[in-house]
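Read the structure below first, then the notes.
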Amino acid sequence: MSVADLLLEGVKLMVLGMGTVFMFLMLLVVAMTGMSRLARILGPEETPVVPATQTATGSGPREDKELVAVISAAVRHYRARHR
Amino acid sequence: MEQLWQSTGVANLGWGQVFMMMIGGLLIYLAIARKFEPLLLVPIGFGAILSNIPIAGIAGDQGLLGYIYHVGIETGVFPLLIFMGVGALTDFGALIAMPSTLILGAAAQFGIFITLLGALALNLVPGFDFTLADASAIAIIGGADGPTAIFLASRLAPELLGAIAVAAYSYMALVPIIQPPIMRLLTNKKERRVVMQQLRPVSKLEKILFPFVVLLLCVLFLPSAAPLIGMLTFGNLLRECGVVERLSRAAQNEIINIVTIMLGLAVGSKLSADSFLTVETLGILALGAFAFCIGTAAGVIMGKIMYRLTSGRVNPLIGAAGVSAVPMAARVVNKVGLESDHHNFLLMHAMGPNVAGVIGSAVAAGILLAVVGGAAQ
Amino acid sequence: MEQLWQSTGVANLGWGQVFMMMIGGLLIYLAIARKFEPLLLVPIGFGAILSNIPIAGIAGDQGLLGYIYHVGIETGVFPLLIFMGVGALTDFGALIAMPSTLILGAAAQFGIFITLLGALALNLVPGFDFTLADASAIAIIGGADGPTAIFLASRLAPELLGAIAVAAYSYMALVPIIQPPIMRLLTNKKERRVVMQQLRPVSKLEKILFPFVVLLLCVLFLPSAAPLIGMLTFGNLLRECGVVERLSRAAQNEIINIVTIMLGLAVGSKLSADSFLTVETLGILALGAFAFCIGTAAGVIMGKIMYRLTSGRVNPLIGAAGVSAVPMAARVVNKVGLESDHHNFLLMHAMGPNVAGVIGSAVAAGILLAVVGGAAQ
Amino acid sequence: MSVADLLLEGVKLMVLGMGTVFMFLMLLVVAMTGMSRLARILGPEETPVVPATQTATGSGPREDKELVAVISAAVRHYRARHR
Amino acid sequence: MEQLWQSTGVANLGWGQVFMMMIGGLLIYLAIARKFEPLLLVPIGFGAILSNIPIAGIAGDQGLLGYIYHVGIETGVFPLLIFMGVGALTDFGALIAMPSTLILGAAAQFGIFITLLGALALNLVPGFDFTLADASAIAIIGGADGPTAIFLASRLAPELLGAIAVAAYSYMALVPIIQPPIMRLLTNKKERRVVMQQLRPVSKLEKILFPFVVLLLCVLFLPSAAPLIGMLTFGNLLRECGVVERLSRAAQNEIINIVTIMLGLAVGSKLSADSFLTVETLGILALGAFAFCIGTAAGVIMGKIMYRLTSGRVNPLIGAAGVSAVPMAARVVNKVGLESDHHNFLLMHAMGPNVAGVIGSAVAAGILLAVVGGAAQ
Amino acid sequence: MSVADLLLEGVKLMVLGMGTVFMFLMLLVVAMTGMSRLARILGPEETPVVPATQTATGSGPREDKELVAVISAAVRHYRARHR
């Protein structure tokens, strides 16, 4: 295939690819919105979970932070000595 | 005596091998001293050193690394298991709370397809001869997602796998350097200062349903992405379903750690002098940087569009996180946001497009597989 | 455009596949919402979904699940490793303290052999055509032991493996519903109220010798059961010998968790429409329920015999635990016992027949292998 | 093979199978009894171990139950935050 | 009935198999009651029992142990992964602080090469017929390093692997009994009382550079040792680089534990009657004891030379640790040192030659592979 | 090959082998000495790490030993009960 042909193929692929990506993710937006609505109907006010990224970035509940710090240091020691 | 000398490394070492070992050493240096994706680059770098040792044949058919490559990468098993681990480690809560950020994850995949064109255009330069499959495998670097890149490259262009993986992980580590200038260039101060409203809480049920919704769309519209999306959503289901704590822990720790070591070594074994020390590798490295820039720019521009459409309620910076490179890109967004306003924490909002980018590049990989690789996995 | 459409899932999805995905979803639903053996049914259910995605071929020769099945189940490696983990997780102390409960574990295996006859008799119904090997593989569902069932089915009737595994795990989860009515029907209140004397303490030495005694008998009289019994006793020795804590932990955690994920996915990959959506599957499901009922009844009846022979010192309820389904069946016994007398805790006494049932069904599997499968493993 | 033949085979297999299962497990009863006697002779009053099912079913020693509860909660937190 | 009897073990059990099972039982007894390297000898002993069960064919082509052997030992993968774990578990700090102790680790390898001559000389005795490859594989027992011995034996003399591995681990366990008399015989009280000066602190950077220095020399001068040295240094780099804690933990725990179970079982599967119950095995056991004695003596003598050369600043006892057998040999040195002077703790100083011995025997294995095995891995 | 020839081969192999082992490890002594010097130049007085064998032999910092003992017992209980 000549480079021009290849480029033509590439452009086609780009159009097709970006089209599919957008279509797919937009459909996903719709589907997820529906899903959340469904979840609200099915789950009669279950205790909402705070998005876990918060936990991942370290802002856990304050009251046991100190305890956890102590324990986690101890656990690390424990592991370091017992492996 | 002659025979003895012939069995030493000095007598058999070619310059190419020395050079590749230095590349391996450089990757390890960057991993240790600069914290460049150390979990991958330490094993990859060491694998590069081991596989370029003369005589030993560690990357050969009978060698340890050759064997691992054959079992884990040729079959696609390792990247898929890592993807399962990624699913088990990822909280999609921020995305569920704000599904519209998926659009940002879609836009950032422009990086992939523009790079595809770039790779094909490079054929105009003498010395380059990329097929459509090669170009597709290179383009996926723009997805900023290691296992996806390795999976696709192992299927479409195994001989470029080493260079592609190195480029993908290196640029992912460089995200904090590559992205900010582009983000600043494309946005003005007012846009960067937008404070987004707090994300709504997400219920456990939503988190359990989410993997099924993603998988369902994949089944209906893009089955060629099913291996990647399937393992990602499986890992996520293990995490969220709450009844298989043991398995979730295994996916997040034992499996992903063991496989990461093996995958890294095996990828490193593809950094042999004759396949890496070519002009094509330079092209791949250049295209990789290009891909990240385009992806970032496309994400930010889509962010600006959403800023307009929502009358200024979306901070366009979060579009940059759409390239994936989880969670580095989201942190970069947070940092650039804080530069403009010391109280504007965008991390949570950037996590949405960030994880959307993972899905987006898996979708893009699925399309490339379907069109370029035939429908076969 | 036509070609594009042809690569979507919608265009290729058959009703059978849709139905199988729904079965997969149902299994996952039961696992999450009803806690039906979630460690197995979540991966099996997801495996069923993944393997029925059109085009992707995930369960095919080149697909991830096909590959895992080939490596782990065709070879028998996965169920045997799980059996090692079961050995490492099981305390045989209650059995050692009261060896006579082995008889209860033996009686419950009637469920297996009556079901074998049942499966053969089903051939009288048009549409059924079970060979002796098929019938044996189906019958093992009555053993109420997952890895044993998978091991035997993979050897005698691989094409029925999916249905057999699903039936085995589903009925194991249903033990709390299936067993109590049978137990109540076959015993009177006086029998159910029997308080058994406390078990004697068991020494460390006895626990170390136990695996060797079991293995020795297996070597002498039933070598065809040696792979199963061998790995079970090996795992138990790792647990009890007290000098290989590291290995015991690996068998109880890392290995069993990793293998459970893989085994589940691979078993799920056998839930394809053409092998599952047959009248035979309905037969298997019916026979499975039948097997559990017969096994329970036989155990309880043997319990009644022991009650007589010991002049009322054995509570016949504990016979029901002989089907294995560890530790669910023992808990059911405890619960039914407590219904009659709020202070009668039978859990410890039921653990004896419960773990005896594991040995019993491994022995039964050995016989079926020896007679039906030829002596080959 | 006709169904009747198959059933005959099945009956034979059942007799053989249940026979073997019972024989095997009854031999095991005998062997285990012998083993326990042997263990009593060999092990001169070693500290008897309480059958571990007790632990497995949760009735551990009372005195440290509270401590364990506190620690286990802390460990869970530690793990949740560090994975 | 006849056929039934033919399927029992009793009817098929040969005396050789009974004897091998007893050997397996003996190994397990030594492991549990005497703490003889239990992590290896429990699985090896159990593997020996399992593989000698008649009919079951567990060590055969289709059997679990045969399969594990094929995948993990024929390929060399298992010993190399264990060596990675050893690297990740070993602190080379004491060696870096005092590199001259490497000479002690070199001297102790005399045990290997004298044993090689001994094995060849045994051919003068009727019934022995060791090739150069056999003799080399046997000689490596003198290296007192399990994975190295298994790796070399699997390459040079697979049919002797069982006996060699058993001899290597048994004598490693016997180090506290074998070494002290030799150490006392060759040193006088004054020498044994030498108090060595405290080791200097070692920086993190030195520890990171160390694996590269070792690997570099290996690449330049002895590439045939690269698989062993490469995985050892890779494991050590994971440990010391400080940025891949996850992977280091995986190498030190999950991987090494899982592989140890598999490796032990697979090695045990080579303890079959026809390959073990030969006069050659007796020769191997005798040569193994001989090798340990010579290695210890050579180490101590070199220690005495260093004692002279440094005007009495090196305690010659630490030379005995050069055989490797980490950390047992270093502990023996410490104990013998304490006998002479209750305040003379030599443990830290003995760790230097101890870990040097690991490198030394890997180097020796590399030479044997290069010369005897051809350059092929 | 006759036994004499084999033994001759063996002696050659021994000379070659021990020669290589000594050469290799002596080169390593030189290389490591150089490495340590280099490290001292490159690393501007980084906090020296005490050789870790110390830790491996169990002499961790005294102050938290007790804590670790308590915690490790608790963790063991926790694990025993939760597996």
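Going by the order they are written in, the chains are A, B, C, D, E and F; count residues from 1 in each one.
Going forward, a residue touches a chain if its C-beta (ideal position, glycine included) is under 8 Å from a C-beta of that chain, and two chains touch if they have at least 3 such contacts.
Just so you know, these numbers come straight off a predicted model, no measurement behind them.
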- Interface overlap for subunit B and subunit E, more than half of numbers shared or less than half: same or different? different
- Note on the structure: Ranking B-C and A-B by C-beta pairs in contact puts on top A-B
- Note on the structure: Whole-angstrom distance, CA centroid of subunit C to CA centroid of subunit F, is 47
- Task: Starting from the mean Cα coordinates of subunit C and subunit D, work out the distance between those two points in Å.
- Result: 15
- How many angstrom between the C-alpha centroids of subunit E and subunit D? 36
- Among subunit F residues, those touching two or more other chains are 16, 71, 75
- Two or more other chains in contact with one residue: find those residues in subunit C. 221-222, 253-254, 371
- Item | Complex contact set, residues of subunit B against subunit E | 7-10, 12-13, 21, 25, 28, 31-32, 35, 38-39, 42-43, 46, 49-50, 53-58, 60, 62-64, 67-68, 253-254, 257-258, 260-261, 265
- Item | subunit D-facing residues of subunit C, complex | 91, 93-97, 99-100, 102-103, 105-106, 109-110, 112-114, 116-117, 120-121, 123-124, 132, 135-136, 199, 201-207, 209-210, 213-214, 216-217, 221-222, 327, 347-348, 351, 356, 359-360, 363-364, 367-368, 371-372
- Within their complex, state which residues of subunit D touch subunit C. 3, 6-7, 9-11, 13-14, 16-18, 20-29, 31-33, 35-36, 38-40, 42-43, 46, 48-57
- Message: If we count contacts the way the header does, which residues on subunit B are in touch with subunit C in the complex?
- Response: 75-77, 80, 208, 212, 215, 218-224, 226-227, 230-231, 234, 237-238, 241-244, 246-247, 249-251, 254-255, 370-371, 375-377
